[in-house]
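Shown next, in structure tokens, is the structure this report addresses.
By letter and in written order, the chains are A, B, C, D, E and F; residue numbering begins at 1 in each of them.
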Amino acid sequence: MNETTGGVEMDEEVSGVVKKFLYVNRKAPYGTIYALESLEVVLIAAAFDQDVSLVFMDDGVYQLAKGQHTKSINVKNFSPTYRALEGYDIEKLYVEKESMDARGLTAADLIVPVTMLSTAEMADLMESQDVVLSF
Amino acid sequence: MKFGIMVNEGPYTHEASDTAYLFAKAALEKGHQIHRIFFYHDGVNNSTKLTEPPQDDRNIVARWTKLAADYKIDLVVCVAAALRRGIRDENLAEGFRISGLGQLIESGIQADRLVVFGD
Amino acid sequence: MLHTVNKSPFERNSLERCLDYAKKGSAILLIEDGVYGALKGTAVTEKVKKAMKNVTIYALYPDIEARGMQDRAIDGIKLVDYSGFVDLVAEHRNVQSWV
Amino acid sequence: MNETTGGVEMDEEVSGVVKKFLYVNRKAPYGTIYALESLEVVLIAAAFDQDVSLVFMDDGVYQLAKGQHTKSINVKNFSPTYRALEGYDIEKLYVEKESMDARGLTAADLIVPVTMLSTAEMADLMESQDVVLSF
Amino acid sequence: MLHTVNKSPFERNSLERCLDYAKKGSAILLIEDGVYGALKGTAVTEKVKKAMKNVTIYALYPDIEARGMQDRAIDGIKLVDYSGFVDLVAEHRNVQSWV
Amino acid sequence: MKFGIMVNEGPYTHEASDTAYLFAKAALEKGHQIHRIFFYHDGVNNSTKLTEPPQDDRNIVARWTKLAADYKIDLVVCVAAALRRGIRDENLAEGFRISGLGQLIESGIQADRLVVFGD
């Protein structure tokens, strides 16, 4: 199996199309696996030359919190992977300002640079997508 | 129209796999195509052939197998999610195949719509 | 676009967030435990009615019937079956599932 | 395996003790399996001669709603089983009034007779138990 | 009695319901995503602080640390490890898990 | 003191089985006893020997097996919940046994405390 493309042989039919893919992350890390498995999808998505955006809202903003130390719960800390996304040319990371405010968080609390959008701006972004994958 | 479907929860525990199945069936009966059904997260548990629900209950796994046979639907189980949860070729029900996450992205590209069924 | 909500508005924040996001002219389909958001006389009814001025709200009738809520849907909420669900997805450019 | 007692051979050690068991039902039926599998526990519990109480609160009150018709979702309607509980000598069914009010429900909407308690009364009931099983 | 809450107060109603139920003198332990209810400066902080007048609130430190929230616990919330969790269960007559 | 433990969610997907394990281990290390660990709902998926998590991740199933061996803990998987979800003797990991719901009630009676770990 081709590891980079997650089991897909690239052909013209796939590689010719560019769609807007939005990954919506609304869940906190570690309490459930959705955050980690969402990230695994995004890493594969990078191989497909699509127009990829990531949204972090509600408890999803906690995925990007600095200072995660998971040794005591014996789970892998996957937060450094968000820093690696740039290397995969995944650079459009959006965070909902209202979600940050409700949790007393600011951009300085996050491990990666993000674009902060209001709910209304996020709604516009969501509306403009071709494919929305929610986790 | 060509639909892609993503199923993110296990059978019985969440209604997601029921809704996904009934949606897929309705789409097919209306003459639409299903490009692929992709099972992710606990959704991979839809594919175990060892399931044995009570006699008076629906058999969710068998129902997917039949749908795949009747309409030639591609049922793909994510390999990484499956290994974590104990789904392998040896307990995989007929009609399913195990492959990578690229199959999901490809479905997003090739299908006209991708619909997510989750918790 | 089409939004789907499958959780009870009394248990989770997904309907509330969906209503924040659903732009004028878009559609919301309530399914599974989400259909409890489609009912008259509850603590969230007024919020849903208010949203109906800007968006069209649908509810999956098989899920309403399963839960014994047949006679309780808010007037103006459109009831659909799975075939109607398929039509809604086909008619809208994209779908956000508020899982 | 002994079906009635769910795999347990009754002996004096088990049958001599009477504890207060509380089953707390907070989830709606059909969206998830918790309501059904909680009921399956209660039916087995009946064989143990313990002091059993059932609480329905939050979306759990919907488990008892009249008029459930599940044919279209192809799932078994298990609501008639609540009516059978009396035959198992499980008669203490409590419903939280505040949860009913928030959902516009009254006792007449439920398929079984229940005792309606306020949140404060429910809290007292919960406090007085030996074992609390939450679904 | 001891109450445990394992869900985020921003996503679900379990912390809120737990606070309704926790009688004077009882204890609440926040675990897993429930620890987000133990933090300063959030939309639920004031509600939690108010509850602390009547009940003792604990939070599982390994879960706080995993989430990078080490420096954010509300003053007066007692941080415990798994050993402390065991002690809390042993010290109280019964446990209600707000799952 | 004697604890009973109930685990209601599957491994990896929810933290519940991690918390239950770390709680059980801490209790044992403090000299307490574990009367039984009962797996219900999706919790039955903690017992599949076919699981194969990534190399850098914990192996949740193997960890239960080792705990059972080290401390002689009774790990019971609910038969009805297991059959629905495709757990049978043929894919059951070492240290687990399949039995009925009465085992849970019995644990509630015989243990000094019963603690529920769920979603």
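Convention: a residue touches a chain if its C-beta (ideal position, glycine included) is under 8 Å from a C-beta of that chain, and two chains touch if they have at least 3 such contacts.
Model, not experiment: these values are computed from the prediction.
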item	value
Neighbouring chains common to chain A and chain E, by label	C, F
Distance in touch steps, counted as few as possible, from chain C out to chain F	2
Pair sharing more residue contacts (C-beta pairs) when B-C is set against D-E	B-C
Chain whose Cα centroid lies at the greatest distance from that of chain A	D
Whole-Å separation of chain centres (CA-atom averages), chain A against chain F	33
Distance from chain E to chain B - Cα centre to Cα centre, in angstrom	38
Cα-centroid distance, chain B relative to chain F, in whole angstrom	28
Computed distance of Cα centres, chain D from chain A, in Å	41
Residue list for chain A, restricted to those that touch at least two other chains	30-33, 58, 73, 75, 130-132, 134-135
Multi-chain contact residues (two or more partners), chain C	6, 10-11, 13, 32-33, 62-63, 81, 94-95, 97, 99
Multi-partner residues of chain B (each touching 2 or more other chains)	12-13, 15, 22, 41, 57, 80, 114, 116, 118
Topology of the chain contact graph, where touching chains are joined (line, ring, star, complete, other)	other
Touch relationships between chains, expressed as pairs	A-B, A-C, A-E, A-F, B-C, B-D, B-F, C-D, C-E, D-E, D-F, E-F
Residues of chain F defined as touching chain A within the complex	12-15, 18, 22, 56-58
Complex contacts: residues of chain D adjacent to chain F	1-3, 5-8, 13-14, 17, 19, 21, 33-34, 37, 40-41, 44-45, 47-48, 50, 130-135
Residue numbers on chain A that touch chain E, as the complex places them	27-32, 58-59, 62, 65-70, 72-73, 75, 77, 79, 102-104
Interfacial residue positions of chain F with respect to chain B in the complex	10-13, 41-42, 45, 48-54, 57, 61, 80, 83-88, 90-91
Residue numbers on chain F that touch chain E, as the complex places them	1, 3, 8, 15-16, 19, 22-23, 25-27, 29-30, 32, 112-119
